[in-house]
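Several structures are given next for inspection.
Paired with chain B in one complex and with chain C in the other, chain A is shared by the two complexes that follow.
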Partner chain A sequence: MAARAPDRRRNNPPSHGTTPPVFLSSSSEAVKPKQSSRPPNEIRKIFLRTGLISSVTGSSFLEIAPLKLSVSVLGPRPLPRTSSTPFAAQAILTTEVKFAPFASTVRRGYLRDSSERDLGSRLYQALVGAIRRELYPKSRIEVVVTILDSEDEGDDVNTVYIEEGKTTVETKFWDAGRSERALGVVLAGCITAASAALADAGIEMFDLVSGGVATSFVDEVDPKGKSKGDAVGNKLYVRDPVIAPPEGKTPLATCVLGYMAARDEISELWISGKVGTKNGTTEMDELVDEAIAAARSARGVLNEAAKERVQFIVDKTGAASAPTKTEAMDVEMSG
Partner chain B sequence: MSTLPSQVSSGNSQPPPLTFSTSLFRQISPALYLQRHLLHSPPTRPNGRSPFQCRDFTLTTNSLSHAHGSAVVRAGDTAVVCGIRGEILTVAPGDDPSRFESYHSSPTSATHACGSRGAGGASWGGLIVPNVELSTGCSKKYPLGPPGGLAQTLSDQLHELINVTKLVSLDSLRIYDKGSDLDSTMKIKGYWSLYVDVLCISLDGNILDAAWYAIVAALKSSRLPLACWNQTEERIFCDASLNHPISLRQSLPFTTTFALIPLPNPEGCGDEAAVLLNDPDSYEEDEACEILTILSTTDLSTVQGHAPQSPSGRLRTRVEKIEKKGGWKIGISHIESCSHLAASKAAQYIQSLTKEQLAPM
Partner chain C sequence: MTSLVVPGQPLGPVNSYIPGSGVHIFNGQIIASLVGQVITTPSTSPTTPPTISIQKPVLSTDEETNATLLPEVTSTVLCRITRINPRQATASIFIVNNHICGDEFQGVIRVQDVRLTEVDKVKIFNSFRPGDIVRARVISLGDQSNYYLSTASNELGVVMADSEVGDPMYPINWREMKSTRTGVVEERKVARPF
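On to the complex of A and B.
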C-alpha cells in the first residue's frame, strides 16, 4: 500500500502505511466455530424491505444474519446524447457491487477489486434476462449494491499461534470452498434484493428472480485412509450454508443460482467444487435442486416484500384521493 | 409558464384553466413553490416542518460485525453508516514518534497547509483518515464512479473538523513497549491509525450533520483490541480478548446546519426578506443562497448529572466554529438565534448518544 501514490480524491493514511492488527493466541484455546442449530433444509431468516431510499427510483435493504446490503435502482433514464453513444433498442443494464471498506475481515479498498467486479457481472447475468428491456429503448437502468456487512473467514486470517515461546505463523488450512460459500451467500442475497428493488422501481419484468445457495458436504476422512465408496453415499446438502462446515464434514461443491419461480427458469448458475460424474449428472441435479429449493424459500420473502410495498402504495394513493386534512392545508398553487 | 402548448387541446371550445397540480408546480418552479409555502402564515415548509424544526433522527451503534466501531444515523430521508477500522502503524526505529501525534505541526499537515495538494500532489494524511462515499446510488443526482466534488469537499470538511476540534486524544492511540525501561517517548512502538469511512445510503440534504454525528457516535462506541510490542518477535501483536475504548475529548461538539432561502420583496422596497431553515432537505438546499453551519458543544456533565429535561437555556454551551457559505444576508442576530437552536440540537444529540451507550448490547 505504502509504495503506491496517494489517492488525490480521498484522504490518505500516513505515508508509512498501516497493517491490519495481528492477533496472538495459543493454539489450545482456538475458538471453535459456532454450529448453527437450524436444519440443513431450512434457510436463515431474511429481512427484506423496499422503498427506503426516497431519492432513487427503487431501493431495497436486505439482511440475512450478518449479511447486510442495500440496493438502489437508478433509472430507466435516457442515455447521454453524445455522438459516441450507440443506438440501443433495448435498455442497457449496468450492475455494480461494492463492499464497504469495513464490510469484511480484511479491509477493502475504495476501488472495486476483481471479486466485486465478478459478483457484479454474475448479478447482471441473473437479472438481465428477467427485465423486459425492449420496453425501455435508448435508456439505461443502473443497479447499485452496497454491502455493509458480510460473513467471511473471520479473525483467523490474522492470527498467529504461539507455542512454548516459539511463534509459528500458521496460515490456517482453509477448506477449498470457503470463499465460494461466502461469495455465494452474498450473491444470492444480491439477486434477491436487486429484483425486489427493480420491482419497487416499477420496471417491467417477466418474473422476480430470487437467489439460492446450497452446498454438498461429505464425511471427513483421514488424509491417509482413503475411503472411496462411502463418499458418494453419505452426502449432506445444506441450503444457505454458513462459513463453518458442519461438525466432521468437508464441503464438496457449492451451487448458487438465480431462479424465476413462476416460470421455472434458471437465469444464472454457478457451481464450484467437485461434482462427481460417476452417476452421470445425478449429483449435479441433486445439488441444483437443493439450491432451487433455497431460492423458492427466498421467493416467499420476496413476494411478501413486493406485496407489502404495493399495499403501502395503494393505501397512500387511496388516502390522497380522499380530501384529507393535509391537503386542505396546502397552499394555493395556481399561476 | 403561463402557456404550455400541449395543454391547449383543440377539441374543447374553452381552453383549460391554467393551473398545475401541486406536484407539477413543485418540479417546474421550485423557487416559487418554496417561497409560496414560506410566505404563508404560519410559514410552513413543503415537507410540513416549521422553519426552525429539525427532522427526527435515530442512532444505532455497533451493529456491524467487522468494524471496531460503527454507527447508523438516519435523519428524515438521509441515512449514513459510519464504520471505524483500526490498523497499526509501526514506528521505524530511527523515527521520532511525536510527529504523528500533533494535529497541526506535523510535517504532513504542514505540507497540506502549504498547499502541496493544490500544486498537483496529493498528500499523506495523519492518524485519522475520514472518507465519505457517496457513489452508492444514494441519490439520483449524484453520479456513480470516483468521488466527485461533493464527496471530496465533505471528506475534507470532516477531516478539518476532526483536526480543529481535536476530537480524539491522539496519545490514546499509542502502542507501547511494556517490557523496556526507557523513557516514555522511546517506549512508543506504534500507533493505531483509524480509518473512518462514512457511506451515504440515502441522501436527502444536510449530509454534513448526519455524517459528523455518525463519526462521533462511531468513535465513541469503538473498542480497539489491546496491542503491545512483542520483544522476542519484534512486532506488534494484539490480544483479541482485551479491548479498550478510544478516548475522546470531554465535551463533544456537534454541527447544526441552516439554509437561508431568499423571499421576494413585498413591494420592492425595504430590506430583502429571507428565512432561515433548520436542517434543510435536498430540495431546500438547492434553492438556498446561504448555508450556515454552527459547531457547538454542550457540557456533558450538565446533561448527564442533572435532569435531562432541564430547559435548554440552562445548558452550558459553547460555540466552537461558525461557517457561512455565500451571501451577506445572515446577520449577527440570525447567528445568535441559530446558535441557541444549535445548542439545543447538540443537547438532543448527546442525550441520544448517552442513551444508546447505556442501552444493553
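On to the complex of A and C.
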C-alpha cells in the first residue's frame, strides 16, 4: 500500500501534539532583566558569521545577547520588467527589515508596521553610500533583514514614545527613550550584519559600515527638589545599552549611527532625546563620539567575520594541492 | 600564504601600483573594495608599476555560477530566443563571458543588428526561431528592460537549433541548417563553428 499523501487543504497539526504557550498577564509584571557587570564603555560580545544561507548571494547571522538577526543579500539581479521602472545607471538598493512575530516581547503582526519601515529606511541610508553602485547598472540589490529576537516591545509602545514622547498613566512603567534604545541596538546590529552579508555577496564597497549605539544617562531626580537641569553634571555614557537603565539613572538621549571606520565617515545618524550644551562642549558631540567608539569596537568583529568565510574557502581550496587544514578554525570574536 | 583584506583597507599609494579589479582609489591611496586575497601582477615593462587587484576565492571550480555577474558592452553572451517579430528577436541571456549568471537577463536582437552586410534584406523569421541558442555580443545596455545584442559577425549567430518538427539540426553553411533526421533545410543566421 502506498503511503497516504499529506492533506494539503487543511492546516495539519503536528502529530505529537502541542502545549499552549503561557504568557505573562501584562508587561509590568515582567521580570526586570538583570544588570550586566560590563563596564559602560564596553560593548556586548558579538557573534557574527557569514555565508549560512546557500540560496542567496550573501548572508550573515548576528547575535548580541538577546538580539538575533539574519541578513540575506540578493543580487545584483535584473530590474523587474514593468514599464514603470526607469533606466538605472546605478544599482537600486532596497532594504527591508522585518521582525519575526515572536521577536518582540509583545507579539507582532505579519504585516510591516511603521517601526519596521522606519528601520528599513535608516538601514538604506546607512548602506547606500558605501556600495559602489555605479559598477552594477540596470540591477537591484536587495537586503532583507529578519529579526528573530530582540528587546523591542512592539510597535504600539514604539509609536507612543516616538510620536508623543511622554509618559501617560498606562505607559508609566516605561521610561523615556526606552523604545529608541531597543530599536537602536537592533538598527546597529542590522547595519553591522548587513555589511557582513554584502561583503559575503562579493558586492564591491568603499568601506564596511558598522553600527554603534550610545545612551547618555543622568542621576535620577529625587522627588523633593533637584530639577533635571542640575543633575546634568555627572553624566554617564553607556555604549551598546540594554533596555533597562542602570540603577538610579534616567536616560537623556540615545544616538545610533552607521560608521565607516577606514574613511572616518558617518553614513547614518539617529539621535533622540535631550542634548544640550555645557561648558563649551555640546553633549551631542560627546554622545556621537561614544557611539563612534561603539561602532569601532563592532568593526573589529565585522572585519574578522568578513574574512572568516573567505579564509575557510582559501584553506579548503588550498587543501586540494597540499592537505594541511580542512576545517575552519573557530574564531573567538569579542567586542 | 597571502593575507586577506577587507573593504576600506589601504593597499598602497597610487603611484606604486596600477589599480586592477576589486579596488578603488581614495585620497591618493589604492583601497580594497572586496574581501579577498591581494594579487599583484608584475608588469611586462620595467618602467610601469605592477597591477594590484583583489580576488574573492570561490569554494569549488565547478561552481561557475557568478551571482554578481552583469552583462556589459562588448561581453559575449549565450542566449535563448524567446519571441520573434519582424523588427526584433527577444532573447534570454544565461551565459555571460563563459560564466553562468545567477539570474537570466532579457536582451533584444534588432533586425539591423543581425548581420553585417545586406542589412535591408534581413528577415528575422529567416534568421532566428524561438528556442534557438544564439551566441551574441552586447552592443548597448539598452533601455530599462533589454540589453541590445548583435550577431553581426561571422562567429556570432545560432549555435544550436531544432527544426520545425523538433529534430536537432547541424549547420551546412552560414545561412542554412539541416535536420539530422529528415534532412530538411531551414534558414538561420548561423555562427561559424570553432
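By definition in this document, the second predicted complex is superposed on the first by the 250 of 335 C-alpha atoms of A that agree within 3 Å, B and C clash if a C-alpha of one lies under 4 Å from a C-alpha of the other, contacts with A are read in each partner's own complex, and residues count from 1 in each chain.
Please note the rule applied: a contact is a pair of C-beta atoms (placed from the backbone, for glycine too) under 8 Å apart; a residue touches a chain by one contact, two chains touch by 3 or more.
Remember, predicted model here, so these are calculated numbers, not experimental data.
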First (chain B), second (chain C), both or neither touched by A:87: second
First (chain B), second (chain C), both or neither touched by A:262: second
Chain B versus chain C as contact partner of A:142, first or second or both or neither: first
Partner chain in contact with A:101 - chain B first, chain C second, else both or neither: first
Touched partner set for A:179, first chain B, second chain C, both or neither: neither
First, second, both or neither for A:314, with chain B first and chain C second: second
Superposition-derived comparison: chain B or chain C, residues of chain A touched: B
Chain B versus chain C as contact partner of A:272, first or second or both or neither: neither
Contact residues of chain A, present in both the chain B and the chain C interface: 57
Contact footprint of chain C on chain A as seen in their complex: 57, 75-79, 81, 83, 85-88, 130, 132, 136-139, 199-208, 260-263, 303, 306-307, 310-311, 313-314, 316-317
Interface residues, chain B side, partner chain A - complex: 1-2, 17-20, 22, 25, 33, 36-37, 40, 44, 48, 63-67, 70, 77, 79, 81, 83-90, 92, 100, 108, 117, 122-127, 129-131, 133, 135-141, 144, 146-147, 151-152, 155-156, 159, 193, 195, 197, 199, 201-204, 225, 227, 230, 232-233, 235-240, 282
List of chain C residues in touch with chain A within their complex: 4, 6-10, 22, 24, 26, 31, 33-37, 56-60, 67-68, 70, 102-106, 141, 143-145, 147
Complex contacts: residues of chain A adjacent to chain B: 5-25, 52-57, 59, 66, 68, 70-74, 96, 98, 100-105, 107, 110, 142, 144, 146, 148-151, 155, 159-160, 165, 167, 326, 329-331, 333-335
